Amino acid sequence: MLVKVKCFAWAYEVTGSDEIEVEMKESAKVSDLREILSQKFPKFSGRMESIAVSINQEFVGEGAIISSSDEVALIPPISGGL
Amino acid sequence: MLVKVKCFAWAYEVTGSDEIEVEMKESAKVSDLREILSQKFPKFSGRMESIAVSINQEFVGEGAIISSSDEVALIPPISGGL
Amino acid sequence: MICKIVDSPIDITEWMNIFESKSLGALCSFTGIVRSESRGQKVTHLEYHTYKEMAEKKMLQTVSEAKNKYKVSDLLIVHRVGTLQVGEIAVFILAASAHRDAAFKACRFSIDRIKQIVPIWKKEYGEEGAVWIEDCPVDITQDASS
Amino acid sequence: MICKIVDSPIDITEWMNIFESKSLGALCSFTGIVRSESRGQKVTHLEYHTYKEMAEKKMLQTVSEAKNKYKVSDLLIVHRVGTLQVGEIAVFILAASAHRDAAFKACRFSIDRIKQIVPIWKKEYGEEGAVWIEDCPVDITQDASS
């Protein structure tokens, strides 16, 4: 399946796009997504752990299952406020 | 000596004046002032302890000595702010 | 550092931008507004009385203590006295700091401290008459600048 | 309850009087202003980026958590994104309550919580180039509404 992944802050700079498409097997998990992205974009190396993943605008854990209709996003460490 | 004593909030209502004159012996203390006022104004009865006394705009203890040139004030429990 | 006792309405918008903003970072404000109810009684209005000279002195002591305790760059306290209607502002405090923790703490400290040492009294007028609010008998051992 | 992400300057005076004041009592505000120095470096300007839909959702979660934790009657969060100059306001929070303790705590909680769960990112531009500020890796175990 093809999954759309939004990329924010420096994740955008790493992938070069604010939304990428990632080919994944059905019922893939967040941990699978990390693996695929780390291989595809070596610049994630050493920084992937600091990224949180959201599905449909909620933060999710490594075991969460992704479906092709989900809104998936990469959330680097945040720094809102002052 | 004659000492001027400012009366605020309900101390003003008890004495009927925002400034009273109190006859005291030289080197009288704050505790003496309380005694004189309690006798002069029976309505202070049971409430005198809740009043703080200031001399020259600083809170003082019972042993502080009052001189006739001092600015003395009776400060009932305060309630500034909201 | 600004401390003021005023007898006309407090216009927050006048004070909110008082500090030069370039190096501030964090501003914390506190606004105390006359409530329509107090101690289960409907309030019609309030009267704030003060011992003005001493109150200004004690407000200055308050901001100086706050500045010593917390890293604030600036602090403002404005307290209104006289007759206040429900919904009107009685007190406004503004603390400025490079960091939010100090701004919050200094602002909170200031309103708490005002209630301990600044000679201002509130008389509440309601349906059942008027009553002096006695929040806090002054504890002189708590007065010493720490 | 108002949560907004805006891309134009935040006018505090517009927001400061937003809540009906008759029953309020206490208002606590927090204003976050872009500083001219950060981490020892001179700042020329900042860029705030956001994942807007999720950020608004997480701001709503923040105010709802604050309302559950503290007895606040109302709460406002406005966060600006885009390019901000030194001295401009990045965030404004206003908490209203009958009592000051709740107002202070809800306001403080909100700014702290924003920094934990609201997807907004800050890029600092200074003399030595631009850098993403990484205050807080999101800890998903801390996200659950408590």
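The first chain written gets the first letter, and so on, giving A, B, C and D; residue counts start at 1 in each chain.
Note that in this section a residue touches a chain if its C-beta (ideal position, glycine included) is under 8 Å from a C-beta of that chain, and two chains touch if they have at least 3 such contacts.
Fair warning: this is a prediction, and the values are worked out from it, not measured in the lab.
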Problem - Fewest hops from chain B to chain D - one hop per pair of touching chains - result: 1
Handout entry: Centroid distance [mean C-alpha coordinates] between chain C and chain B, Å
Key = 25
Exercise for the section: Mind checking the centre-to-centre distance between chain A and chain B? Centres are C-alpha means, answer in whole Å. Expected result: 72
Handout entry: Contacts with 2+ other chains: residues of chain D
Key = 25-26, 32-33, 100, 111
Fill in the blank from the handout: chain B touches at least 2 other chains through residues 81-82
Problem - Chain-level touch network, classified as line, ring, star, complete or other - result: other
Handout entry: Chain-chain contacts as defined at top
Key = A-C, A-D, B-C, B-D, C-D
Practice task
Would you tell me which residues of chain B are touching chain D in their complex?
Solution key: 81-82
Completion exercise
Residue positions on chain A within touch of chain D in the complex are 6, 8-10, 50-52, 54, 57-61, 73, 75-82
Practice task
Enumerate the contact residues on chain C facing chain D in the complex.
Solution key: 12-13, 16-17, 21-33, 35-37, 86-87, 98, 100, 103-104, 107-108, 111
Handout entry: Complex contacts: residues of chain C adjacent to chain B
Key = 32-33, 35, 48-51, 53-55, 57-58, 79, 90-91, 111, 114-123, 132-138, 140, 143
Problem - Contact set on chain C toward chain A in their complex - result: 25-26, 100
